[in-house]
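Letters A, B, C and D mark the chains in the order given here, with residues in each chain numbered from 1 onward.
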Amino acid sequence: MTDGMLVGLLLFGALLFALGLYGALAQRNAVRVLLAVELMLLAGGLNVVALTRFLPAGAENRRLGPLPLAGDYAAALGQTTTLFFLAVAAAEVAIGLAAVIAAYRLRPTPNVDEMDERE
Amino acid sequence: MNGQAVAFFALAAVGLLGVIGFLRAPRILHAVLALVAAFLAVAGLFVLVGAEFLAAATVLLYAGAITVMAVFAIMLTPGGEEKRGAPRWARGARGWAGLVAAGVGAAVATSVLATPFQRSPYAVDGPTDTALLGTLLLSDRYGLHFEVITLVLLAALVGAIVLAREEAIPVRGGARAPDATPPTPPPAPQKTPAALREPTADGPAPEAPAEREAERELVGAGRGDGR
Amino acid sequence: MIWLPEAIVLAGALASLAFGVLGRRSSPRAAMDLALVFTLAALLATAALAGTVVEAFAGAFRIDGVTLSFQLLLLVGTALTLLLAREDVGAPAPATGGAAPSGGVPAEHAGEYAGLLLLAALGGMLIAAAADLLLLFLGFELLSIAGYALVGFRKEDPLSTQAAVKYVLTGATATGVFVFGLSYLIGLTGTTDVYAAGEVIASPGFMERYGRLIFLAFLFLFIGAAYKIAAFPFHLWAPDVYRGAPTPVTMFLAVVSKAAGLALIVRLYLGAFAWTHWVGASGLRESFLLKSGPVVALVSGFSMVLGSVLALRTRDVKRLFAYAGIAHAGYLLVPLAAANPSMLDQIVFYLLAYLLASAGAFAVLRRVTEESGTSDLKAFAGLYHRAPWSAWALLLFFLSLAGIPLTMGFFGKWYLLVGAAWGGHGLLATLIVVTSVMSYAYYFAVLKQAFLRPGSTERPIRFRGAEVAVVLIAAAGVLLGGLLPGEVLRTIAQAFDAAHFFGLYDGRL
Amino acid sequence: MQESWLPWAVLAPPFGAFVLLAAFRRPLGRLAGWIGAAGATLALVFALQAAWTASGGVTLSAPSVALLSAGDVRIELGAAIGPLQAVMLVVVAAVSAFVHLYSIDYMAGHRRYGTYFQHLSLFTLAMLGLVVATNWVVFYLFWELVGAASYLLIGFDVEREAARRAAVKAFVVTRIGDLGLLAAIWGMAQGAGSFDIAETLAWASSGAAPAGTVTALGLLMLLGAAGKSGQFPLHVWLPDAMEGPTPVSALLHAATMVAAGAYLLALAFPIVQASPEVARTTAVLGAFTALFAATLALGEEDLKRVLAYSTVSQLGYMFLAVGAGSRFAAMFHLTTHAFFKALLFLAAGAIYHAVGTNDLAAMGGLARRMPKTAGLFALGALALVGFPPLAGFFSKEAVLAAAQEAGGVPLGLGVGTVFLTAVYMGRLYVLAFFGEPRTEAAREAREPGGLILGPMAGLGVLVLVAGAATAPVAGPSARLLAALGPAPEAGAGLGAATVLLGIAGLLAGRRLAIGARCPMTAAVRKAEQALQAGFYVDACYRRTVVAASVFVGRIVVAVDALVDGLFTGTAAAVAGAGRRLREAEAGQVQRYNAVALLVLVIIALVAAIRGR
């Protein structure tokens, strides 16, 4: 992988993250907000995978000692990390959608700004 | 410009278009479809950097499970922003959010561009052996993580069931009825939870308007009427 | 068996969940009692580990002074929450309709209620024990996700479910920010180990090359974590969520969640960032602390001021606690901003004071709001005549929270103040004083209702046994800490020596 | 320095009484009063013993307990008694004992009899603790506790709205001063690296501290003292504090608590002295307050409020003395003032019992109905005005002699105050005791019982003899006061002048009292209205301090509205400012997240562009 490729991937990740953040902050529909957050998480995953392909800086470390297959290990580490991100993303969406449905049952609107019960 | 670069730019373009489509589409189901395109593009990028297993997982989880879940939720909660124009505050919020997103994007992009990346001599290219992933996941260190993630999913599962399940007991104050109406008698016991029923026209009368609306949206979204 | 406390809590969670499925018809409260027994057992197991410094799971899991002191705080908070939550189960919802501040959790969900509480506590404990970036993140998520569900537990109240939605959305956004920061940290350092990441950052030439991105990573991680303690800038979920959640869950968020969030910040910030030194390009020694300190100070200062100002405007007691909690989050960050050798002691001591006083106040608040069906300030009118002892207890708790002498909170604030002065942060010290004075105003607003205003009724309020227990435990703790602060502090400092936390940097484990 | 348990022993009896009363006040019934009185009396015995020892020039130091330690900084719960502390202890314990005894009858039959004595014991404990503290943190702790006890006692009659409001006002206003003290403590600890009182004072006066810092610390401390002692412009709470029971006024708001401010300055004397600016400010502030409050007293129609303004005025004398560099004069005046002002208040309480009001317009001719009370009141009044051989004459002369050092203006103000003091006391006395009874109650007024007259008589004796405390024949007391500093030399003329001024003032006061019932010209009436409005200072507070918080809130709203208006282009947002603040509490979490995140975005951008 080349320098340019890495920078391209990181820039794409930054863009994905920024757009996701925009969606999370500006969308009114709760489902859309949740999906926008997924974009942010995916951007993080992409970053790790790209960076660990390129820079296994932790290949030697006083605390962890030398590692076998340093380069492959680092790449696998990055992908494992992203797997965890994916799993967490799924859990967040599940609970988020459940909450939206529960709120909708009492007050039929999926829009966050209309969820404003005051006594 | 080699093949890799071409593939990268193509995938990135598809991804961006997908995300923008997701943000701009007036109908939420269109938005979700656009998002699927973006997810697939990211999966393609994963293949490009040699993370094939991850690509498969992304397709399954994001393009598959999460999107389907979202569609379910959308069907169950009709009446989105299409109904009325955004209130004044929402227009203001867009300005703020745009400012924040632009700022964050600019900060990260500037930093990335200004950083002199240096490829480590250890770095490897080519696809990663999926077996290594498996070994890592069951290693001393990440075995613990693996167990904890099951707990996270367990918590999500239990929490989602508790929240989304419709109680057998009647909900006080008229769950479906608007605030002003007098309390309606509790609906007759239903065999299937309402949350899982298909939106058909033969439902109980008080619930019809909401579900009709869902139907209308589905039709409008061009996904067929399911009948 | 250094993971015994976690194992016990996990067993408790699973047992409660199983009990909820199998035996819910017989005696719903038994699930809560079961959970409480497991929590107390875990408390004992944790206490038995005092003084241990050891690692497991290839260094991902670490027991040291910080771990144990935070875990003890979390378990005490969880136990008190369970005591309060016990009364929620199967209790009839108040007759005032959907907008009531609290209300019953359906008896058939008792098992899930207890199980999720314990899972959330387990997430907090994992945070406290994690020396691994991913494990920290997973603990954070376990705590958050269980919390989202708990907030929406009063399913028949729109306030509760809508609070859950807001909590999820804000939380998910914060998670996104956190993950993005994490991706850069893990990607650039190539390791998920907190301390190893710190070593990589400190390695020669690394910061020259990747300093910008590392700083951004720190910024994102810190902001994402600040959400959990309801600190600026992700602080505004707190009022609505505190208001809508069942009161025991509000207390859990105010106390346990905050402690866990602080553990997250301590582990992450001090482990990987703040303590790293390297020789810069100019040949001078540089430290990350100098770069990150102002950010922490800013977040801390904004939290204090915003929380205090907003608290002055509210008339709802649960929301008031949320705003005050934002200010307290600001206080708790002061030691990190004004880094000094005993900052961990300061945090733990203040956290303990805050935990005890809040728990007691929530116990009183729960009963009072339940009786009157509203959490408006006027619910407290005439409390002195309806339940004099609880009114006095409330006075004690509020005095402690406001930091008035002879209570634990006073010494907590003094200690922070000393620390801030020590670290040379005059402005933060001033803010502590000024916002404390503002806090007198809003705490006294409640006390004024309780002592000086006639209530609409003179009918005595009868407290449930579990609530009385919480109030008594909290009052005893606040008084003990107020009268013998030195002893309490010494106990904290000795039994759970925070210095071990930095042991890695001294060549010790 | 001498190791001794005595400093703790002084605190023990009131503490014991407080605990007893807190635990068993209901079953104790009438006994509660006696327990409180016993506690105070025992404390007095220990205080006298400590004073005796301290007069030998030693400082009694009690074993201390470490309260907190943070690195090098230690906070110790210690106690010590030097000459300064000994004087203060005796004054506090003595007045407290008399007030306790007096209250046994005075408060008899009150619904919250036991609670009253519980609060009183708590106050005595806190006040004594404040005096013996060796550490600023502990000092501050007791300082706040004293304030809390004051809050409880002012608002003791919770049923009355006025009492509740006065309690809150006292709490808030003194807190402004407390902030100053807190800041001063913090600054001293910063500079000296210690919270120990002796160490910080040594640091401040050693010259090691930068002059600017010392001045700032001194001014902050002055702010703290002014808040507690009701000095201008923080005096507004003291007259309102008269809503508390009269014995409370005598103990807290005349003799001891309000004198804590003067005591603080005497304690921190090295700081005051180390900075000429602070000394000058203190002297001018004190002298001005003395005159200012005396003027306010002229227009009051309420007996207790006249005495309250008089207290503010006399406290001004103490500040003047400290500022002029004489700790001796300040503490001497503090002592005598405690005795005669407590006497005056107790007599006022007796009148209130007999007439049922504090309104001067409802009195008159009481001298015939209550001769003993009238006599004792006259004794106190003459001491206040400063007639020899009463206590007030000597101490006031010492203050004025010291004021000569401070320059012409403070001296002039101080001497002028002598005249005004005589005027308002003369007017008060004539209105209350001479002429014809103006109400039925005044006609039926009766002398109080022995348990009320007794403590008054006791204080009367002290007022008679305390003037001689500095004379060599007095032995220990003279040595004790002499240890505080040299007695200022007074010219022979000064004493004579004050006496003449006093006589002239009394006569003028008599005229004023009689004239009060004559038709007055519009101008005089208007001036009097201005005086009764407290020189508008109260209204001024309402307009500034209270309004300021509202104002800040409005600014926040306005800024928010402005920003919003920029984005949405709606001018209506400005009009709906009030509604918008409510919205800020409501649920639009997303937008607020966005706005809040903006701050961090800016940091990120700056970091990215600057390079780390």
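The definition used in the following text is that a contact is a pair of C-beta atoms (placed from the backbone, for glycine too) under 8 Å apart; a residue touches a chain by one contact, two chains touch by 3 or more.
Quantities reported herein were computed from a predicted structural model and do not represent experimental measurements.
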Inquiry  = Using only alpha carbons, which chain's centroid is the nearest to the whole structure's centroid?
reply    = C
Task = Tell me which of A-C and B-C has more C-beta pairs in contact.
result = A-C
Query = subunit A to subunit C: how many Å between their CA centres?
reply = 25
Key: Separation of subunit B from subunit C, taking each centre as the mean of its C-alpha atoms, in whole Å   = 30
Ask   = Taking each chain's centre as its mean C-alpha position, how far apart are subunit A and subunit B in Å?
value = 12
Request  = Calculate how many whole Å lie between the centre of subunit B and the centre of subunit D, each centre taken as the average of the chain's C-alpha atoms.
outcome  = 67
Key: Junction residues of subunit B, two or more chains touched   = 89, 93, 96-97, 100, 104, 107-108, 111-112, 114, 118, 142, 145, 149, 152, 155-156, 159-161, 163, 171, 175
Remark   = Two or more other chains are touched by the subunit C residues 59, 98, 134, 138, 141, 145, 148-149, 152, 155-156, 161-162, 164, 166, 169, 173, 192, 212, 216
Task = Note the residues in subunit A that touch 2 or more other chains, in rising order.
result = 17, 20-21, 24-26, 30, 33-34, 45-46, 50, 55-57, 59, 74, 77-78, 84, 88, 91-92, 95, 98-100, 102, 105-106, 112-113, 115-116
Query = Which of line, ring, star, complete or other matches the graph of chains that touch?
reply = complete
Task = Please give the residue numbers of subunit D that touch subunit B in the complex, ascending.
result = 564, 567-568, 570, 583, 588, 590-591, 594-595, 597-598, 601-602, 604-605, 607-609, 611
Ask   = Can you name the residues of subunit C that touch subunit A in the complex?
value = 59, 98-99, 134, 137-138, 141, 145, 148-149, 152, 155-159, 161-162, 164-169, 171-173, 175-177, 179-180, 182-184, 186-193, 195-197, 199-200, 206, 374, 504
Query = What part of subunit D is in contact with subunit C in the complex they form?
reply = 65-71, 73, 75, 137, 140-142, 144-145, 148, 155, 158, 164, 168, 175, 179, 182-183, 186, 189-190, 549, 552-553, 556, 581, 584-585, 587, 589-590, 592-593, 596-597, 599-600, 603-604, 607-608, 611-612
Residues of subunit C touching subunit B in the complex = 10, 17, 57-61, 93, 97-98, 106, 109, 112, 115-116, 119-120, 122-123, 126, 132, 134-135, 138-139, 141-142, 145-146, 148-150, 152-153, 155-156, 161, 164, 192, 209-210, 212-213, 216
Note = subunit A residues touching subunit C in their complex are 13, 17, 20-21, 24-25, 30, 33-34, 37, 40-41, 43-48, 50-52, 55-59, 61-64, 74, 77-78, 81, 84-85, 88, 91-92, 95-96, 98-100, 102-103, 105-107, 112, 115-117, 119
